[in-house]
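The same chain A turns up in both complexes below, where it pairs with chain B and then with chain C.
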Partner chain A sequence: MTQIKYMLLVSRQGKVRLMRWYSAYDSKERSKISRELATMVLARKAKMCNILEYQDHKVVYKRYASLYFICGISSDSDNELLTLEVIHRYVEAMDSYFNNVCELDIIFNFTKAYEILNEVLVCDGSMTETSKQAILRSVMTMDSLETSDNLDQVLS
Partner chain B sequence: MTSLYAPSADDVMRRLRPFGLFFEKSLKDLIKGIRSCGENPEELERFLSKTLSECRQEVESPDLDLKTNAVVKLTYLEMYGFDMSWANFYILEVMSSSRLQHKRVGYLAASQSFHKDPDILMLATNLLKKDLKYDGNNDVLKMGVTLSGLSTMVTAPLARDICGDLFSMLGSSKPYIRKKAISALFKVFLQYPEALRDNFDKFVAKLEDEDMSVVSATVSVICELSKKNPRPFVQLSPLLYETLFTIDNNWIIIRLLKLFTNLSQVEPKLRAKVLPKILELMEVTSATSVIYESINCIVKGRMLEPDDFDTALSCLEELTKFCNSNDPNLRYISVVLFYKIGKINTGFISEFNTLVIRLLKDVDISIRSRALELLEGITDDENIAQIVQILVKQFADKDVVLANKLLKQTRQENIEIEVPNSYKIKMVGTILRICSLNNYANVPDFDWYLAVLSDLCVISQDLRNENIGLQLGAELRNIMVKVPSMRESCISTIVGLVSNNDICRQLPMVFRECLWCVGEYSSLVSNGNDIIRLVIQQRRLTPEVQQIAAQALIKIFSSWCNTSGSIQINDVKEVIQELIAFFESLSSSKSFEVQERCVEFLEFFKLCAESLEQNDEELPLLITEVLPSFFNAYELNPILHGTLKKVQNSLSIDLDTPFLSEDEVRKLLEEESSKHEAESTLASDLDMDGEFEEDEDEDVEEHAYKDEQLSGRNHTDLTEEEKRVLEKERRKEKLTNPFYLEGDYEDYVVKKENPLIDFSSDQERNYPESSSLLVGEFKNVSENPMKAKKERKKKKKAEVLVDEGVPEPTGDAAVLPDPQLARSISSSKNSSRINLKMQTKLESFNFDQPQQYVEDSGIVGTEGQHEIDQLRAKFAGSSLGQDMDEEVVIVKRKKKKRSKDKKHSKKKDGKGHLTHEESEKRDSVPAPHVEDFPASDPPAQEPL
Partner chain C sequence: MATGLYVDESRSTKGWSEKLRDKVLIVFSDKVANREEILFEVFGVEDNAGKQIHRDVVWTTKYYNVTLDVYVDSFSSLKDWTREFCDPDLDELREVIAGWIIVLPFNGNIDEETKALTQLKSCATSKDFFTAILATELNVSENTRAFLEYELLEGAIELVQDEVGSDSELGEVSGLDRVKEIIDTCEWHPRLLRTTHPKSEINVGSAGADTPLIQIMGRLREARTKYMAMDPGLSREEFASEMARELSRFL
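On to the complex of A and B.
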């Protein structure tokens, strides 16, 4: 429903904490986008709206604590409010997974953050799993499976 | 000494790894290391490159745990801008591990770095095929991981191979698998649309799945697919319509609305049914995003007719609520939607002027900038002054907004806003656009507008934007030309601007247009010599300005000498000397246009100076007679954009009528036989220039032309009678003359400026009924709207000339175009932004794939298919060539076989007609394969 082109997590210092590209960008474009967006978004004031136009598409961002969640969406057919909602769902999911998530959690467990993102945004960012329970359940089961997998190997 | 049972150090390390105990650098160490480097970039650089080289070694280790760890670290380092595509093959190895832990890491890394890398995707295909082999009994989560990773890696051949498995997964008893399969199918359909065609019903049945998340995924997929091609899904509308009102999940409702947006673009009949329901939904729901999406659906789904004021009003009412909310996001999106509604019909939004004016003062610049776009729709002659005033005020660098006014808080808070230059530029453009809208219909008072323009020139000079200068200059020129009654005051404003050095330097384009105006209307200026000096003193002008300046100077000089009564000969001499010096300095300019003009004028002034030397008493004829005749022959009138082209296209040259009858020619020939020699050579020189292409061969004609020129007699002076006779004769001659070309020749010649342009013959051609000359029509066009305007707006002080144009050569072209039409033409030029209707989305329609969607017809476009197969073969062949030297064990054998296959087919491609059969044969392979599986699969669905 929302064709998300990319999702970036940027810290207040402008450091990229997570990035996921759903459209094909080469590494040059990627670094350009993340650099430019970080400066653009960080410069905005709290009272300003969370939507900006960038290149040929729209960018929706939202700040949670010290992290900016930045999403690029196609400009003509996407619902900006819904994108904000998607970001919020993602944050909520991480919050319950890490139990009060903070930036450090995401830094040190970035693979988990990616896993959760994969569950939230399915299929190249074009779809969203909206149930928090479902997201958490599948991530948790995968985790437990992984541990038991390891255990099996060690025991063998 | 080592006992047999004592494990070696290596062994211990290996066993401990699964527990996250690494003796190599773990991800945690990496992150800690990066953080400890802190703000020291050099140290960080060193640390990162060291880690990277470690990773390079670790990734080659045979131990999968170690390899996985390295891949994780690389994935992390990618965020620091280190390319990891070199490790793709190692990632592939990690992916192929049987353990979920490795698989997860592998698929994660793959989805980060595999994007569109054809080599690696070829190899991944086989792995994915293996992982997706569905036997009804697979590990649910492993499947989930694979399916998630799949979406980044689907290629056409892979899609063909796995779609069978995916469809059988749709029958799985686990909603998780069904959901993932649906979403993976999306990518498959994109690559391999035949799958959708053949299994349409099976796929669509999932809309009625008992699990909500599966329904949601299906709706999403259909919605996304309908963006690419909505047609096949139109038949689903009744079902979707039903779902829209039985479901209470807002997420799905929004997606359904999106889907209807796409569908109603191709199926206008949906509007009648869906629109009332959407309006109802808008009233019932409390979720803003649903309301927003409903309006979106109405606007983008083209359900809003330009005359449907009721619907527009109910949408706009909701939007007004949004605009008044505290949430800047709501304000922003509603402004955008306002604009889209205004695009359909400006009448819809014209009443919302107070709202828009408030939005212009919003805290957020991006909202303001959107509100600027709305201004075109809401300005009229009453509020324009207020709006312009607000905008000009905002030019102050810091704008302070009282936050409590917007947020209704008790605490007062001033927020300072930096107004970026891009916004200012847009603002100037908007001011100019709203003022010039509908041929200045909104401008109540041109004195005021002139003041605004000169203010804008002064304040926008720091923006250093060439475009602004161009627009401002053009606007000043337009006022000058179009509002005759204002010329006096306009010229004084312009002279003021010209004498402002800052503006000349910062906004050269304004300077240029001003100069042109001063030159053209120099008769209104009395102290021409001062202006000439002023311009001459300007140094460092760009060639574009110089070229206008040269022309302007001579015009000013001409009017100054001839209009101001008591002029001192000595003054004239002085000015001429200065001008000569000026033109001399430019006569070696690098810009050839400037050079040419300056050299011409230089020579002219030298002549003037010479003749002044001879006669000190009064000005020579050269200055009093010849010079004004250069410029004052015609009054300049505003012409509609593109008119010249139309004139060129619709006019023809009369090549048939001779200038003189043959008898006359003979007589002349005899008379002037003595002069003949010299002149004919001259004339043939002219011929070489290609000016008079109609003078093909005969000396006679050359003569005719020359004589024509000498006597100053125009062929149109001939009476109708004569003309017709002559025409007949010419035609006869034309038939026998081999040098005449046929067909479009006339139109071509017409493009050259030529005294032979024949209006009357054009009249006969295009407007057979009208007997008046086209010139007459010109006049009518220009006069009529003016009259109409005067009547309509009597209070208006100044009268604005309407752009003149040629009526469209349509059937009823003989009827004079009404002023409304003329206005709409000119306004569509000025404000093409808001008056044009929304473009269809289908125009930007983008098929990622070259395949034709012939969904349910069951017939494959063999030609298209043929092409695709060729492409695929080519793609596979080229990427395989590179694969050969890579050390990849897993998939190599199969690959080779494939590659032979492809090469084989490629070779055949070269041999022309053989290819067709071949590829058709290959085409027929997948279809039975796909149709096969439903028969064999049902048992597989049951056991789960």
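On to the complex of A and C.
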């Protein structure tokens, strides 16, 4: 079992593209964490370990193309390898949804990226769904509801 | 550097209190041999007789396109160029650039380049524009490279090596493709952006890959707005019938 404290998505240029907080942090702490982690993780070489200690917890990150997926987890109770798997599941789901996801897809469809993340992790940071098909089915159901809602609105 | 670069005020600033960042500056070292190739590959412009400003270059991605000016410059000494670029006289230029790219080789002892880039980092970087260094050669020790990358990173400057191929495990693009990706993800001012609808790029579930649903929705919205704005009468009903016929062709 793993319970993620936060997930950040940072570009190679150091810009935070997505952030989701599953533990209570005030805005000052949030900006401090995202600023410090962006610098810290971006400075690491490709062959360095993907797990590092930060403040009172651990940080697990993985790079995909020009994006770094960074997760904060509890030092004692959470599993680092499982966290890497959670990140990978999330990336796979986005990859299938967007047809080879890139940074631009996330910038222009950030709400979709959040929706997919919501299907992977629930509000306390624990994993809710591992099946990529199930995740995509839920997101697509939401899409069709949204489309028919828009259609109703236009036709009304 | 005898730049000759100047800002075309009539286009970028006139009528707006805020300056639009619609210029990309690309600067080449004299040692770079394939300048024409790089310019053409990245921006699709030809380096005619050392032309310094290429106007109205259309940058297109699957989500938007934007019209920008490409400013081309060159230097023999990065130190001198940096000093001049950081000069307050060029404040106006720095305020309208969307980003800069410096193309140069790194060979052997790179102390001078490192010093110049450190200066550049402190005076000509901002979160408002992108900054990248394209290294046509990177023949330095691993430690020097790591140091250089770290130094540049502090100023949010990305070091891109001009190399062929990519690390398939990370799915990362490199070289000129990465430079293009950096420009793609630049935060352009909304007034500069013209959005395009990517067709069938996203799996929109039940919509089906061939149905231009977004297009139909857009047309419906436009038609509804126009219909509501028209005065009641025959012309309004004719317009409604015409739109119904047009849209039924999609269904």
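What we mean here is this: the second predicted complex is superposed on the first by the 154 of 156 C-alpha atoms of A that agree within 3 Å, B and C clash if a C-alpha of one lies under 4 Å from a C-alpha of the other, contacts with A are read in each partner's own complex, and residues count from 1 in each chain.
Just so it is clear, a contact is a pair of C-beta atoms (placed from the backbone, for glycine too) under 8 Å apart; a residue touches a chain by one contact, two chains touch by 3 or more.
Being a predicted model, the structure only gives us computed values, none of them experimental.
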| item | value |
| --- | --- |
| Partner, of chain C and chain B, that touches more residues belonging to chain A | B |
| Touched partner set for A:108, first chain B, second chain C, both or neither | both |
| Contacts of A:64 with chain B and chain C, given as first, second, both or neither | second |
| Which of chain B and chain C A:55 touches, first, second, both or neither | neither |
| First, second, both or neither for A:99, with chain B first and chain C second | second |
| Which superposed partner A:18 touches (first chain B, second chain C, both, neither) | first |
| Chain B versus chain C as contact partner of A:45, first or second or both or neither | both |
| Touching partner for A:141 - first (chain B), second (chain C), both, neither | both |
| Residues of chain A contacting chain B in one complex and chain C in the other | 45, 107-108, 141, 150, 154 |
| Of all residues in chain C, those that touch chain A in their complex | 61-64, 127, 130, 146, 149-150, 153-154, 156, 158, 167, 170-173, 178, 181-182, 184-185, 201-207, 213, 217, 220-221, 224 |
| Chain A residues touching chain B - in the complex, by the definition given at the top | 1, 3, 16-21, 24-25, 27, 31, 45, 47-53, 76-77, 79-82, 84-85, 107-108, 110-111, 114-115, 118-119, 122-124, 126-131, 134, 138, 141-142, 145-146, 149-150, 153-154 |
| Of all residues in chain B, those that touch chain A in their complex | 15, 18-19, 27-28, 31, 72, 75-76, 79-81, 83, 99-101, 104-105, 108, 111-112, 115-116, 139, 141, 144-145, 148, 151-152, 176, 179-180, 183-184, 186-187, 213, 216-217, 220-221, 223-224, 227, 249, 251, 254-255, 258, 261, 288-289, 292-293, 296, 300, 328-333, 363-367, 403, 415, 841, 844 |
| Chain A - residues contacting chain C, complex | 11-15, 39, 42-43, 45-46, 63-66, 96-99, 102-105, 107-109, 112, 136, 139-141, 143-144, 147, 150-151, 154-155 |
